[in-house]
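Data block below; observations after.
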Amino acid sequence: MIYITRKEQFSAAHRMYREDWSDEENFNVFGKCSNPNWHGHNYVLHVTVKGDISEELGLFINLSTLKQIIKEKIIDKVDHKNLNIEVSFMRGKIATTENLAISIWNELKPAIEKERAVLHCVKIGETENNTIEYYG
Amino acid sequence: MIYITRKEQFSAAHRMYREDWSDEENFNVFGKCSNPNWHGHNYVLHVTVKGDISEELGLFINLSTLKQIIKEKIIDKVDHKNLNIEVSFMRGKIATTENLAISIWNELKPAIEKERAVLHCVKIGETENNTIEYYG
Amino acid sequence: MIYITRKEQFSAAHRMYREDWSDEENFNVFGKCSNPNWHGHNYVLHVTVKGDISEELGLFINLSTLKQIIKEKIIDKVDHKNLNIEVSFMRGKIATTENLAISIWNELKPAIEKERAVLHCVKIGETENNTIEYYG
Amino acid sequence: MIYITRKEQFSAAHRMYREDWSDEENFNVFGKCSNPNWHGHNYVLHVTVKGDISEELGLFINLSTLKQIIKEKIIDKVDHKNLNIEVSFMRGKIATTENLAISIWNELKPAIEKERAVLHCVKIGETENNTIEYYG
Amino acid sequence: MIYITRKEQFSAAHRMYREDWSDEENFNVFGKCSNPNWHGHNYVLHVTVKGDISEELGLFINLSTLKQIIKEKIIDKVDHKNLNIEVSFMRGKIATTENLAISIWNELKPAIEKERAVLHCVKIGETENNTIEYYG
Amino acid sequence: MIYITRKEQFSAAHRMYREDWSDEENFNVFGKCSNPNWHGHNYVLHVTVKGDISEELGLFINLSTLKQIIKEKIIDKVDHKNLNIEVSFMRGKIATTENLAISIWNELKPAIEKERAVLHCVKIGETENNTIEYYG
């Protein structure tokens, strides 16, 4: 079994908060990440899929296919966007990187499986120092 | 003459646009960076100052002093903020990285000079691939 | 289950050697790392904890809590220190990165568990090319 | 159990193609990576081995031993070489990074085991954005 | 005056050698870089242009314009290619990174000037450890 | 004129202090960097030399020559050493990175000039965030 990881990046605005809380309550839990006027990040997304390589080709999923899936399902929808307002698959969820990783997993899984590969991990770096991983 | 560079990072939301233009006009010039719902970046800030080291100490500006100046004058004002709305020294300016570099230069210069050092360069990486430098 | 990793850095001096061996014997086993006058590194520490996110908050451990634990339990005790002489939790151990990783794991585990999270991995980069991981 | 990872780099030329296909057929499957005049990469190789540290030494495999094994078995044979033509352990295989990872695993395994360590993972970065992992 | 740098990457094969020398003579001067079967790199290209920002826009050259120029004039011609055989602007030159930097400068200059910007520097990283800069 | 930069790394211990001051006085000026039990860093050294390339070879200084000079004159003397105690060219100087850059410049200059190249810059990164440059 071989694991292949594709790294992509996107820049987005977000805010961590609950609508049903006051700004002060949000600040107490989410700190400066709850800033009502938003802030943003260069998110680094690593998508790892696994599979058995075919002897005929020496690979199991074409990298350009994987790249295209990530572009269509994720990057085109989140890059230079507001994660709270503009991203359909984040609607109704608190815009934490944790929720973002789970949502991206759910968006990618069916498309990866159509290529007869297995989604293994979604990893998101919010900053150089903070990283989230989700394995389903 | 010795050059010393301190690297800091901050995360902020911004939008590139002119208020007196329609969203469409803004999109034609600034592209996806004009998204009305904002987007954001992990900005990487490099501040370079120069001076002659004293023989007594083997340095010319204390790194912790430099760090403190950048924190007070810049990072505390831009980190987890909206560059268009919340940053006083960006008021009335288009929130390009070019204007940000010039504004940060102007904010830092007097404080650096009080320490008898010379501000040499303000460099800002907006993404891994796009960097702006300003030398005054 | 979500994995969250916090990256921190610290600079320290150390020496790999056994007190009961001569300098020559130490050199034969530990090479230049046994230099009696010490050498040092910028250690890069990755701490990974795992848990189930609460639907209420969209996260399971607050990043600032995690950061604070690592600062108090580890960074404050090792940064700009001599690992052999000044770090209580390394006393009596050979100052290899392997032993350092195990010791950091033992220091962090109770504090992480108090936050109802599970410590998953302690990873230490001694240089850009050499990395140690410990999973308990 | 402790995991230790050594990172090395090598620069090589390669071409992804099947000899029994026409250039056009190869292009349809392997894209620009099938360029008949070759192209190349700075490959980044991570080798992870695992073992139990001895209390006597605080480590289980000497890093310089690990480094020497990787140099002799792999780097000396692939650095500044053509992976398709000049590397014996890639003969008869399509020069994908997937096949390269498996072949490097097979080359390293016996030598690592002679040191009473266990080979855990061979990871190869072909570019900054594409990485392959093999766990045997 | 503002400096803006765009970073791009490309993967190519090359060989450093003089056609009028024997393989042995080439090896004596160019070492392993003269390997007759080629080798390759992930080249990192930094293009820096300078200009005065307009007050109207807060910038002087649109980043997407700069990106497009570099793509058309350089990346499309060198990525996944053999620098010695397939790149018209390297014809008749020894494929050193030094010559590559000068040639890329010459290719980019007219297009940059059409945008009323000034080409300032072409920087090429051949590996992580070796970098060439050319300022015209 | 072409600029070529070679990057090397070394790990060393040091302490910033004046012998004629008390530990307390040293702490007041140099902070935690004056720790009497030493601390250390992975120093990153960039050496830039410039020259005109010969048309015959397409380069002006052979990279392996430059690498060898830096190894012999600097790396062999500072790697896994104590900068205060064991490095002859730092004797009698406060072990700041500023003084280290000047001293390395002085060590390298004659050897670079023997190769008919011009030393342009010595840059040292003490940590990822602090960098010193010296241009003579």
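When the chains are written out, they are named A, B, C, D, E and F in that same order, and each has its own residue count from 1.
Going forward, a contact is a pair of C-beta atoms (placed from the backbone, for glycine too) under 8 Å apart; a residue touches a chain by one contact, two chains touch by 3 or more.
Everything quoted here is computed from the prediction, not taken from an experiment.
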Along the graph of touching chains, what's the shortest path length in steps from chain D to chain F? 2
Measuring centre to centre, with centres taken as mean CA positions, what chain is farthest from chain F? A
So which chain is farthest from chain E, going by the mean of the CA atoms in each chain? C
Higher C-beta contact count, B-E or C-F? C-F
How many degrees of rotation map chain C onto its copy chain E on CA atoms, rounded to the nearest 5? 180
Rounded to the nearest Å, the gap separating the Cα centres of chain C and chain D is 29
Gap in Å, rounded to a whole number, between the CA centres of chain D and chain B: 42
Going by residue number, chain D touches two or more other chains at 128
Which pairs of chains touch each other? A-B, A-C, A-D, B-E, B-F, C-D, C-F, D-E, E-F
Can you tell me which positions in chain D touch chain A when the two form their complex? 16, 18, 29, 31, 93-96, 98-99, 101-102, 128-135
In the complex, chain A residues that touch chain B: 9, 11-14, 32-33, 35, 37-42, 79-82, 85-86, 127-128
Chain F touches which residues of chain B in the complex? 1-8, 48, 53, 56-60, 62-64
